[in-house]
Amino acid sequence: MKKIAVMTTGGDAPGMNPAIRSVVRYGISQKLEVMGVFRGWWGLINEELKPLNRRSVSGIIGEGGTILKTARCPEFRAQEGQQRAYETIKKNNIDGLVVIGGNGSFAAAHEFYKKFNIPCIGVAASIDNDVNGIDYTIGTDTAINTALDAIDKIRDTATSMERIFVVEVMGRESGFIALTVALAGGCEDVIIPEKAMEMNVICHDIVHGNLVGKMSWIIVIAEGAGKADDIARQITEMTGLETRTVVLGHVQRGGRPTAASRDLALNLGKAAVDCLIAGKADMALGLTAGKIVEVDFKTAIRKKELKIDNFYKLIKILT
Amino acid sequence: MKKIAVMTTGGDAPGMNPAIRSVVRYGISQKLEVMGVFRGWWGLINEELKPLNRRSVSGIIGEGGTILKTARCPEFRAQEGQQRAYETIKKNNIDGLVVIGGNGSFAAAHEFYKKFNIPCIGVAASIDNDVNGIDYTIGTDTAINTALDAIDKIRDTATSMERIFVVEVMGRESGFIALTVALAGGCEDVIIPEKAMEMNVICHDIVHGNLVGKMSWIIVIAEGAGKADDIARQITEMTGLETRTVVLGHVQRGGRPTAASRDLALNLGKAAVDCLIAGKADMALGLTAGKIVEVDFKTAIRKKELKIDNFYKLIKILT
Amino acid sequence: MKKIAVMTTGGDAPGMNPAIRSVVRYGISQKLEVMGVFRGWWGLINEELKPLNRRSVSGIIGEGGTILKTARCPEFRAQEGQQRAYETIKKNNIDGLVVIGGNGSFAAAHEFYKKFNIPCIGVAASIDNDVNGIDYTIGTDTAINTALDAIDKIRDTATSMERIFVVEVMGRESGFIALTVALAGGCEDVIIPEKAMEMNVICHDIVHGNLVGKMSWIIVIAEGAGKADDIARQITEMTGLETRTVVLGHVQRGGRPTAASRDLALNLGKAAVDCLIAGKADMALGLTAGKIVEVDFKTAIRKKELKIDNFYKLIKILT
Amino acid sequence: MKKIAVMTTGGDAPGMNPAIRSVVRYGISQKLEVMGVFRGWWGLINEELKPLNRRSVSGIIGEGGTILKTARCPEFRAQEGQQRAYETIKKNNIDGLVVIGGNGSFAAAHEFYKKFNIPCIGVAASIDNDVNGIDYTIGTDTAINTALDAIDKIRDTATSMERIFVVEVMGRESGFIALTVALAGGCEDVIIPEKAMEMNVICHDIVHGNLVGKMSWIIVIAEGAGKADDIARQITEMTGLETRTVVLGHVQRGGRPTAASRDLALNLGKAAVDCLIAGKADMALGLTAGKIVEVDFKTAIRKKELKIDNFYKLIKILT
């Protein structure tokens, strides 16, 4: 292992930059050359990459986004694209690849490894936190705190104007962010993909609450479980009460990474380099039970099951 | 002037709480009794009010929203509602009224004063910043910083994924917030109610930018000038480029008030009490040219003209 | 178990309020009466306590500090104080006690349990994060992010003015906060109680860095490892370079709890009630390896060993 | 006017970067070449400068500190240093100079202009806000909000632990920041250079407050009015009450500029270029009464008088 490459793929997540910093600086400390690939797989296909030195990653530890940029790359799904990516790797004498991203990135890396035998190590970075076998990905903690900050602000208006709010947060397939911020934000209800929505229970609670003087509600919905506007319309129809919506959207993706997102990124970046040096491949790294774990790509990209029962109950009891 | 009442009406704005605190504590220091009316005009109609002492407003200086709550009140538009509000005032021996709110609140207060001769002083608090004759209302600075913080976060993704974003900010009739955050956020374009939208110019700039390597754009739109989704669709149609939207919405309304919002609130609250003691009425207070100004209600509720030309030019030159 | 009491003791930590909320609301959901004791042991000695209902803890989930207040209580160390505390418990028919605090609080609770056989469950809340057997206490994540935010700000000046800064963070006996923020903040060096300080190495690095063009440094020191001013003076003496200091101090203790601090608080509060109901006693609850753990008080109050070697090495390699 | 230079001098202030951005981009839009000088006067003396283009200032609008760096420069006070600075200017065909900084910078620029007749325009950027004739300098609003955020956090502990805190904020010769944050933070007292300190009044208030149940105090002191530790010691001696101190220090200097600091910076940068083009010189620009004003350097560097009476009274009445 003399030369490695690092890239960020899929949706950007806060903490990708410190992960890059760690791969580069730790890699160099281990006598490796490190190349940075721009825009993920697209950069491999189009040979957009360049050597990185310690200076290249200075001042980025606290910055959101990714200096290597990221992109979706449909060309990579075709044989031709993969072949060209492989040629870039051979031409540049790259012995191993660190792929910072989420499930989609790992699926691609797994296929690439199988076809061309280029060692790939994944670094789990995704605000959806949906990598199987991994409790926390880089960026999750930041996204949660951003969403919580927004919900705290919405609470001011909900309370002052005695209104019902439906707030849509990230989470296409996972209710993790929704549950976490609903709990931390003292929200009255939460709608997630993992659980059948019970609009009549929600509306019953609202009507009942109104009778005993509870006038403001915040209901969090994960984007994968429905549209905030639809839920709000149903609530208004069933309760007769005006209901507002907020869709937090891309705001949750950016921002300066929290301490937890940075420290996880820095540790995973180092660990990825250690894995490549140790001859490992075809696996993703993340945080599970407070420790760095290695999860083979095949496992990582399976559907992550979220134990939601206790979580959900606690939210209902505490509000 | 022995007893005054204070209330918050219309949409809540960050800084209403310190304004209440100031009216109460300064009023008491001037030997006045101070009553707090709940939910604005609704509270007067329904006699929901109570005496406030120094303790009642302790710990609220940094809180968003309003402890007196606020509500829309269609009943107040009818003669009967106004009469009942007047009776509450008489019954409780209230000699003057401090109305913390925006244009709608001032129009109501003006009518109420004309009919019943109850001295009303308005304290300009509205995140739309659309009170005529007043440069800054309470809450504007906070809302702007909240929107700016969101735009900074969106910039991370716009840059990393090289995307176009249309971000909708508050401002039904005024482009003030949109212009201010577009300038401060280094945004590439801004669409406001005061200026005809030129979609072909915007799209031409984007296409031209793309040719010379500029790949990410943030276009701010005031809610009164159109829907983010419509603009995004048009951009995609005209340029062929994927365009994302974020609607900041109610997040901009809440949150801890900034120093500027708090200090303005505290100064205006005191000034409102001074006005009542001095026998003044029928006027709103706000910040203009760095000083507290008194603007009679009739002037305050007229359409505020915003000089936008230099502002707009600066945005275009600097991005 | 029919009636329990909850109190906060020792230094305040962000997240104590959501912990109180959880004990109260979950306790009530389990058909328990819940009393709130003011100012920790002092409140037991002086019978300052009152029943709490669901409303008592509304709106506090995002607030720093503790609504039950907290205090040091030397009287409790004497037999007489403990006896009076016991009498308050008996007189009020309290069957179990939830003690939200750190090591000092747990030592007292352990002694109290041994003498009077009142079931005490500790909820680990302390920004020092120095409870043995527990990876994370309530408040740690918030304090770390506050310190990191300050260090990010100091970095602006360090870089712009090309200066050396020594920044003192919390941690009387533990370098945990210092290490974590030094890593996340990209700081050049860190001085902690667990490791002998090597001023000549630090100064050598600075002088060497200067020769190759590195002009700004941030050195983090845990308060238990020395005074920022002393370190700065030594650096100036040994290198001839001007060195500034910042002592973050009590700023780290306050502020709105992060999502992690809130969710941990809410989960531990519930778990503490469950423990009391299950007849458990004499143990503290915290987060270890991503799970809630029970640690008997005797273990919890022992000196916590921190594995620092890898941590420290990573900081040195990445900067 | 074909070529101008821009530099930042004195202590860094948040907003210097957007000011640089504005000078560069607006200058270029006016067909000027723009050079960036590093480390202020030192860079002129040592010919450390380089041409800046639109790209050079991209991505800095929200960054604290200054990309041009800043430094104190004692050499500039000597005739030889000034002569060398002049030679750099001549050699590089620089026709005018934009100096972003505070009073010290303006005094130097004034002298330089008188001796060498190089048009210099000052852009007022200083967190001390002590430029005479100017209400607000770039950075002031950001520094105030940073200090306020810290005071809000300290309030959590002051209230929870019922303690007295003395908090030292920036302001060597001016109590502006101290007064502003004391008012916005609901602080109980404030000590500033412009007003004789009355320790016995402060201590009397504390003792009296204690008797009526007020247990927590935050007293803000401007650094120019004394040391927090000295005040705390006196309070403890006179009242017998434990008193803690926090010195906010350099944290106030950094951080992302607020909307107000950015928009002021962008407007002043443009205005400075306009001044140079219009043949103006020897003056500083800032915000007064809500408008950009030109203040000749001789006036700007005089001692700024702060009207504190009403300010101070309001603080005392409202707490």
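The chains carry the letters A, B, C and D, assigned in the order they are written, with residues numbered from 1 in each.
Quick note on the criterion: contacts are C-beta pairs under 8 Å (C-beta built on N, C-alpha and C of every residue); 3 or more make two chains touch, one makes a residue touch a chain.
In this text, all values refer to a predicted model and were calculated from it rather than measured experimentally.
**Q** Which chain's mean C-alpha position is the greatest distance from chain B's?
**A** Between chain B and the rest, the longest centre separation is with C.
**Q** Starting from the mean Cα coordinates of chain A and chain C, work out the distance between those two points in Å.
**A** Centre separation, chain A to chain C: 29 Å.
**Q** Taking each chain's centre as its mean C-alpha position, how far apart are chain B and chain C in Å?
**A** Comparing mean C-alpha positions, chain C is 39 Å from chain B.
**Q** Between chain C and chain D, what distance separates the C-alpha centroids? Give it in angstrom.
**A** 35
**Q** Would you mind listing the residues of chain D that make contact with two or more other chains?
**A** Where chain D meets two or more other chains at a single residue, that happens at 152, 155, 159.
**Q** Please list, in label order, each pair of chains that touches.
**A** Chain pairs that touch: A-B, A-C, B-D, C-D.
**Q** Sort out for me which residues of chain D touch chain B in the complex.
**A** Per the stated touch rule, the residues are 18, 21-22, 25-26, 29, 59, 61-62, 135, 141, 144-145, 148, 152, 155, 159, 180-181, 183-186, 256, 258-260, 262-263, 266-267, 270, 288-291, 314, 317-318.
**Q** Show which residues of chain B lie in contact with chain A when the two form their complex.
**A** 8, 11-12, 14, 16, 39, 63-66, 69-71, 146, 150, 152-157, 159-162, 165, 244-255
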